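Pasting the structures here.
You will see two complexes here that share chain A, one where it goes with chain B and one where it goes with chain C.
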Partner chain A sequence: CALFKGKLNIDVDTIQHGVEGLMYLLTESSKLMISEIDFQDSIHALGFSEELNKSLLQLYLDNRKEIRSILGELSPRLPSYHSLEWRLDVQLASRSLRQQIKPAVTMKLHLNQNEDHTARVLQTDPATLLHLIQQLEQALGEMKTNHCRRIVRNMK
Partner chain B sequence: QRFRFCGDLDCPDWVLAEISTLAKISSVKLKLICAQVLRDLLGEAMEYEKILKLTLDAKLELGDVKATIAVLGFILSSAAKHNVDSESLSNELQQLGLPKEHASGLCRSYEEKQSSLQDSLRACSLRLSLLRSVHWRVDYTFSSSELQEVNEPLVHLTFNVQNKECGRTTAVPMTLSADKFQVLLAELKQAQTLMNTLL
Partner chain C sequence: ILDDPDLKDIDPLVLKHCHAAAATCILEAGKHRADISAISTCLEDCKLDKERIEQFCTEYQKNKDALEILLGSIGRSPLHITDVSWRLEYQIKNNQLHKTYQPSYLVTLNVEKSDSGSHTDVSFSCTMEQLQDLVGKLKDAAKSLERATQM
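Take a look at the complex of A and B:
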């Protein structure tokens, strides 16, 4: 801001408002994904020179995609899967009982939520693990039913 | 088709796609790049500038260089994970289309570092907590406010346990009378005997 102030001889507040105004114009236009004609009509009402209108339109068209992708990432997010560490152990003996064979799977589920990394530790026996896998495969299988296929087709 | 170095599963598509990129580099330079990737996998610093210099002749773009490092890292760590011997790895890589000299160079680097790689992978396997150290002290209680002549030994124990989730080490202190300490020691010795039968 100070650099522009020196070169254009306008005070800092005006420049800041100008930048904010430009930001608002571009984000709102990108958010609504308005067509060229609509954009031109909208800024025409501001009464700028023809050359300025053309540069604003070009600026909008060049940066529209990137602005949309950044705006897409601003929506609130639930924790999402990052990675899974696991280990398979077998308990052979304890203080109270010897000669055991007790397998257990220990997992550390790494989750991501807006740059926040958390981890949850879970432990299960093989039977529950198989049940878990079966449930998840059933959930994936839902995508192949007619109901889901119809909706996906209509969304495209 | 199933590959041992992929854990008896199909080879991932992205690995297949990058084999042709690996073939563009000369086999000698590929072996040197392997050495750098192995350094990174073993926890030492990888010299990225050297890799960039080695890939200069093959005229690889920056994206291709990164892909090369990624695919070499995958092949080497996955082969170590599934305990694949150097010769089988060479055969499987040739089946994927990697030229013979490239495959043998890669596998020679792998063979040298296979056991260190497996040790390193073993060390970073999932672990919830780790006993760092044990400190002890034996005191002798002469007297207390309850009883004039106590005359009993007392053991102070501190276990320093590191929580693998946050990396913090917590101290777990405790005091034990002589009898309790004998019981603890006997139980731990039983557990140790059981562990020794498995080694």
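Take a look at the complex of A and C:
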């Protein structure tokens, strides 16, 4: 701000307000995803020059996507899936029982939450694994049903 | 057993020793998956008469499978997944961003801790692509299992 003050001979507060105003304009517009026409109508009320209005519109359109993706990170979120590693194990013996053949699938589930990366180690048996696959395939199938397709279509 | 009317004439201390001895014998036999002849031989060495040995072995045989299952379930292991629940949602807007229009899945893996029996579920959200990745990997694991059982 002090640098600009020197170059443009405007005081620091004005510059700060200017920057904040610009920020607010861009974030609100991006948040609401307003159309070009609506944007132009909104800033017209501010009484700037035609050239300035054009620059502001271009600024909005150029940066809208990035601003939206940053705003998207601020919403309440659960840990999200990152990846899964797996391994097949067979338990042969334990302290309480010898001569076993107990197959198991050991997995490392990698999750992200707000820049934190966690890894949970989990295990399951073959029967449950097949059950998990069946259930999750059903979940994937749901998006393809007519019901979901209709909603997605009508909510754009 | 201390309250059993049939056993009330026996000295409680002796009763406790007998119970502990029998329990130890049964658990050790179960642990090593001993067969009947091995148990018989062991009991013969302890100077038990034939009739008692036979009775013991018959009872043991009846409960052998249940015993082995019980012994097999004792022990530490990573959190064990028992079930999965999922939810498909279509996000329309939030207070930071409007018109988001994004489908997303919320998956909960129901987990059972082997020792305490309590549930500490693991929940996470994912997109359709991420869920496809997850299912793909699980299917790879299942295929490997199938191949391993055929070896």
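One rule holds in what follows: the second predicted complex is superposed on the first by the 135 of 156 C-alpha atoms of A that agree within 3 Å, B and C clash if a C-alpha of one lies under 4 Å from a C-alpha of the other, contacts with A are read in each partner's own complex, and residues count from 1 in each chain.
To be clear about the criterion, a contact is a pair of C-beta atoms (placed from the backbone, for glycine too) under 8 Å apart; a residue touches a chain by one contact, two chains touch by 3 or more.
Treat the numbers as computed from the prediction; the structure is a model and nothing was measured.
Q: Quick one: on chain A, after the overlay, do chain B and chain C clash, or do they fit? Just give me the call.
A: These partners fit in the superposed model.
Q: Which of the two partners, first being chain B and second being chain C, lies in contact with A:L109: first, second, both, or neither?
A: Second partner only.
Q: Touch check for A:A119: first (chain B), second (chain C), both, or neither?
A: first
Q: Counting touched residues of chain A, say whether chain B or chain C comes out ahead.
A: C
Q: Touching A:I101 in the superposition: chain B (first), chain C (second), both, neither?
A: Neither partner.
Q: For A:A45, using the defined touch cut-off, is the partner it touches chain B, chain C, both, or neither? Pick first, second, both or neither.
A: neither
Q: In the superposed arrangement, which partner chain does A:L92 touch: chain B (first), chain C (second), both, or neither?
A: After superposition on chain A, A:L92 lies in contact with chain B alone.
Q: Please work out whether A:L78 is in contact with chain B alone, chain C alone, both, or neither, and reply first, second, both or neither.
A: Only chain C is touched by A:L78; chain B is not.
Q: For A:L130, is the partner it touches chain B (first), chain C (second), both, or none of the two (neither)?
A: So A:L130 only meets chain C here.
Q: Nearest 10 degrees is fine: what angle do the Cα centroids of chain B and chain C make about that of chain A?
A: 50
Q: Closest Cα approach between chain B and chain C after superposing, in Å?
A: In this superposition, no C-alpha atom of chain B lies closer than 8 Å to one of chain C.
Q: Common interface residues of chain A with chain B and chain C?
A: On chain A, the residues that contact chain B in one structure and chain C in the other are 86, 95, 98, 106-107, 121.
Q: Can you name the residues of chain B that touch chain A in the complex?
A: Within the complex, chain B touches chain A at residues 125-128, 165, 187, 191, 194, 198.
Q: What residues on chain C touch chain A, complex-wise?
A: It is residues 30-33, 68, 71-72, 74-75, 77-84, 86, 88, 90, 92, 94-101, 103, 105-107, 109, 111, 122-126, 128, 130-135, 137-142, 144-145, 148-149 of chain C that touch chain A.
Q: Could you list, by residue number, the parts of chain A that touch chain C in their complex?
A: My answer: residues 31-33, 68, 71-72, 74-81, 83-84, 86, 88, 94-100, 102-107, 109, 111, 120-126, 128-133, 135-137, 139-140, 142-143, 148, 151-152, 155-156.
Q: Given the complex with chain B, which residues does chain A contribute to the contact?
A: Result: residues 85-87, 92-93, 95, 98, 106-108, 119, 121 of chain A touch chain B.
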